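I've put the structures underneath this note.
There are two complexes below, and they share chain A, which is joined by chain B in the first and by chain C in the second.
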Partner chain A sequence: MWGNKFNKWQRILAPYIFVAPGFIFYMMVTFIPAIVGIWLSFNQWSIISPEAEFVGLQNYISMLQDERFWSSVYNTAVYALGLIPGIVIFSLITALLLNTKIKKIVFFRALFYLPVITPIAVASVIWTWIYHPRIGIMNWLIGLFGWTRVNWLANPDTVIPALVLMGIWLSIGSRMIIYLAALQGIPRSYYEAAQIDGAGKWQTFWYLTLPLLKPTTLFIMITTTIGAFRVFAQVNIMTQGGPVDKSLVLVYYIFQRAFADLRMGYSAAMSVFLFIITVIITLINWKLLGRNISYE
Partner chain B sequence: MEKHYLIKNRRVFSVLLLVVFVLWLNPAFTLAQPRIVHWQHHSPARLAMIKDFAAEFEQKYGLQIALESIPLGDYYTKLLSSLAAGSGPDTFQIRSTDVPTFIERGVLSPLSASIITAEEIKQEFNAGTIKYLADDRQYFGLPTDVQTIVLFYNSDIFKEEKLTRPPETWDELIDYAQKIHQRDENGMTTRMGLAHGSYGPVIWSFIAQSGTEFIKDGKALFNNEEAFKAFEFTTEWIVKYGVEDLDFGSRWMAFRQGELGMVAAHPAMLGSFRSTHPDLPLGIAELPTLKKGAEQTNIVTNWAYVISQKTKEQELATKWLSFLTSEEAQRKMTRKTGELPARKSLLDDQELLAVEPLLATPFASLKKAKPYPFRAWTQMDTAVRKAVQKVTIEGMETRVAFDWLVQEAEKIYQEVIVKK
Partner chain C sequence: MNKKDQADKLRGEQYIGNSRKIMIYLVLSGGGILMMMPFLWMILGAFKPLREVMVFPPTFWPQEPTLANFQKVFAMIPFARYYLNTAFVTIIPTIITVITAAMAGFGFAKYKFKGAKVLFWLILATMMVPYPVTIVPLYVMAHQVGLVNTYTGLIVVGLSSAFGIFLMRQFILSLPDSLLDAARIDGCTEFRIFFSLILPLTKPALATLTLFTFTSHWNSYIWPLMIINSDHLRTLSIAIPLFNGQYEQYPNLVYAASLMSLLPILLLFIFTQRFFVEGITVSGLKE
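Up next is the complex of A and B:
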């Protein structure tokens, strides 16, 4: 009798016990810190002081009145608007080009994937040299077309486009692999049917390949959007938000307020704002691209 | 017989082993000798020196120094997080201007007066380097990483342009820079005359030459004509005289390659130039003044070695910091790293000057230097850089940019010092 009861409880409890380590770990490193972060956003706390003072919505009011905060939101939005379509378009084109049966194709795929495994600090140094106003490759390239040299990272008009271009280079490899996997998952019979129906290459791409890649595109759009709004390392290394705050992006501004000014509560309020914005944009992406998705 | 007993009683043996292992994991057991955890921001040359000092100190006082050298970019992030978590080091470095905030928040322990008294500190260390290190009663830190602002020049370029001595006034500085500056047929700079890189301490040093006060109780006091002229002068290098070309790239690379005549910078660059380009023809001068013979000054920036309030070894920690900032240690540090000594006695040290005669000028500049004028060091450096760039990059009127800087100084004081 006791044996049966024990077996019954074992069956009920076992799944929870197996899930527990992962669940507890997730709660400890993600969920609870996020809740603490939200709580902090209603407090004034200097990190080195044990006491936090509850200030209600004061941090949010200060945030809405802070010109540099809005400037950082604007710069982040401009960066994201350049980066997201750039990555989607170029990674798709790269995947299409690499989805062929030519010799040494694996070499080319590895070549395009290399930036993904390049440490961001190293990539930032490389791109700082590429953008060097006198000896950088970028100015040499535009010089071939007769254009005058540009100080890419010190010019308010070019600093964000320069960071976008680097961001595309950094991310294209990982997205290209995802597109490549999706392209190779489309059954050949679909293309054969299209061919029999007399569809040309462009029509096949437009009416067959692209719609079937919609779930992949949605995934790439969402992950790229989140990545774009969290841009930090390259700004920290290459521009420190300059010149004249023109590359001051939101996460860099949050970092500055938190660890230079010791205004943890204020930084937490901006982080909550960033979280809400990211969720809203993800939902919009889902609403616009998530409809009529067929996985079959 | 003993061996046989242990083999027969495997359980007892295993438990004994486990107990020994657990005790070995416990620092209190293994480190019967006292232990000080010391953090500092990383520089290869400095780390090598500190390791030597630690070994010497360990041998002398029979304790263990656990060193951690953290890259500057991550230093404050890691330090603040660990202090918040209560797991911070016993002794560490912070920017000297941050010491008052850390004192207010109860993070620091005062230096043990039985090791070094307040009077000794005042007598032995340069006044500019210890301004922020005490409250009304006692000292909480000792100075390190001391830097002033000086003018480096390429002596070969000076010879080529027949410039026989360094510039002494602002007019001379521009005159020299114009002689040095060269452009190609398309008007592109091929050799730059002068550079400050919109670097905060350089701009503040020129403003300090006006004799102005900077801030008191949150009120900006540098809103005067003399300070404005100094600020305007630094922007004119770029917008009026064109002797600093923003499109020329890194001033350090240009100077190392003999493509820049003069650069205002920290003396620590001497060590850097010597290690990467030992044959670079170098000269160092104090910053020129507005008028000939006027009082020379500049801004001193430094860090401080401090002790955590949570340390159990306050006395030993003080002893360790005194050792790190002792005359002998500072002499070695200056010789190896180019870092200026904070001890007054070393500013005329013939042994150091015999090894590196160029140090004479940085030493002289330290005697005349004023402490960094704001508690919010990083924020004010960013603000003054932005003010200069508003003029030089955005084309804003200098007066408007200067007024913005004055307002920003008060705003930053409110946000960073008062509200913190």
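Up next is the complex of A and C:
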């Protein structure tokens, strides 16, 4: 009798016990802080003072009037706009080349993927030396084309392009894998049909492959944008937002306000702004991908 | 040429002519070399003496290879300590995350229970929240409970993962329910089913998840940067940029330190890259 009861209860309770640790640990570091963050954004608090002071919308109002905030949004958008075409083009080309029946695909795929698993701190340090004005390899490279040396990270005109180039290097690998999976998911029968219609290689690429890859491209563009709005480590290690705030990106500014100026509420307000941007981009994503191309 | 070959040709999968093949290899090799250049620059530089890394134009292969750089790094900073710290705050959360994610994934995949949809939707919705939104308040919370500058503070944020829960759920969904029912008829409790039936069957997914979690914790930068301010608690990701700032005039030492901190990840990747690729394809994307 007792055995039956135990059996019944362990069956009812089992799913809750299975889900609880993973769910609670995850919510503890995401959902709860997000709520605290929204609450913080309506308060003024320096973390060292005993109590937060409710200020209503004051943080949001100062944010909208803050020129450095807007320039950080602008710089981040410029960074994203540079990153998107670079990542889409290079990862697509790599995926197309790897989608041919050549040997050593696994080897090449690994080469392109390696930056994805490199610690961002180490990558940033290496790239600092690559861009070094005196001994950096980038200046050696452009020297081969007869260009003069550039102080990449200290020149207001080159600092964002330098970060974009590194950003492309960081993400080609992961996006290439997504393209590769999409390419291999296109049914053979489509190409048989194109062949019967007498389509050439380029025609097939422009009128068949590329349109079929549209949802994938869109997905990559949107995840790249969302990722670009979260850039921080490179900026913190390589440029500290300089020169003259030219690489001051949104998240760097958020952390600067929080930990250098101890303005937790103001920083939280900017975080909420970032969250709203992310939600908008994600909604666009859903809207556009709702008209997904089905292969069946 | 028959029809099938023609179609394959358009698809790009044909057995292509030699000249074309050589072209593709050349382009891929060129791209591959460009992608590898930062690594080569660092690896080769780690074996060069100071005066050689400072010359311009740079040398490619070390002219007078030396191992002294590695010794010097250990002499100048408590590098072994950073290494152990990183290993500790990587391995513990990885083990816990794999277990909690497998359990939650199983719970969501194989049970209909009250609230399942809401809980799952909450995880989905929370995944959209960017980390900067949560990390400042998380720091505030850690500060309030006294976890700033402790190992616990480093570890406690990494005990679960939404990516892991999804991965495990997807994988376990594909296992047939009849298997579970058969075990129940044999008198297995739900927990026995999980430990002796589900876990052994999900080994490939567990391997992928372990690799991803390990890598992301080993590479973790922002949280340790915020929460650690004592030297003896620093992880490699914090120590390497600081070292770079302190010894700006010794790039060869910086390369040696970077190479050593990258080595575990590099070796892990070389031997398991198939799992990484599968993990990405399953999840759509790793951020």
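Operating definition for what follows: the second predicted complex is superposed on the first by the 252 of 296 C-alpha atoms of A that agree within 3 Å, B and C clash if a C-alpha of one lies under 4 Å from a C-alpha of the other, contacts with A are read in each partner's own complex, and residues count from 1 in each chain.
Basically, contacts are C-beta pairs under 8 Å (C-beta built on N, C-alpha and C of every residue); 3 or more make two chains touch, one makes a residue touch a chain.
This one's a predicted model, so the numbers in the text were calculated from it and none came from an experiment.
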Fit-or-clash call for chain B and chain C when the two complexes are aligned on chain A: clash
Partner chain(s) touched by A:245 [first = chain B, second = chain C, both, neither]: first
Partner chain(s) touched by A:135 [first = chain B, second = chain C, both, neither]: both
Touching partner for A:261 - first (chain B), second (chain C), both, neither: first
Which superposed partner A:47 touches (first chain B, second chain C, both, neither): both
Touching partner for A:156 - first (chain B), second (chain C), both, neither: first
Chain touching more of chain A, residue-wise (chain B, chain C): C
Chain B versus chain C as contact partner of A:94, first or second or both or neither: second
From 23-31, 41-49, 275-283 or 347-355, the chain B stretch with C-alpha clashes against chain C: 41-49
Intersection of chain A interface sets (partners chain B, chain C): 47, 132, 134-135, 236-237, 259
Chain C contact footprint on chain A (complex, rising order): 7, 10-12, 14-16, 18-19, 21-27, 29-34, 36-37, 40, 47, 90, 94, 96-102, 106, 108-130, 132, 134-135, 137, 139-140, 143, 169, 172-174, 177-178, 181, 183, 186, 188, 191-192, 194-196, 199, 201, 204, 208, 219, 223, 226-227, 229-230, 232-233, 236-237, 250-251, 254-255, 258-259, 264, 267-268, 271-272, 274-275, 278-279, 282
Chain C residues within the chain A interface of the complex: 3-4, 6-16, 21, 24-25, 27-28, 31-32, 35-39, 41-42, 45, 53-58, 99-101, 103-108, 111, 113, 116, 119, 122-123, 126-141, 143, 156-157, 159-162, 164-165, 189-191, 194, 215, 218-219, 221-222, 225-226, 236-238, 240-241, 244, 251, 254-255, 258, 261-262, 265-266, 269-270, 273-274, 276-277, 280-281, 284-287
Touch list for chain A against partner chain B, complex: 44, 46-49, 132-135, 149, 151, 154-156, 236-237, 242-245, 259-263
Chain B residues touching chain A - in the complex, by the definition given at the top: 73, 76-77, 80-81, 83-84, 101-102, 105-107, 188, 246-250, 376, 378-379, 385-386, 389-390, 393-394, 415-416, 419-420
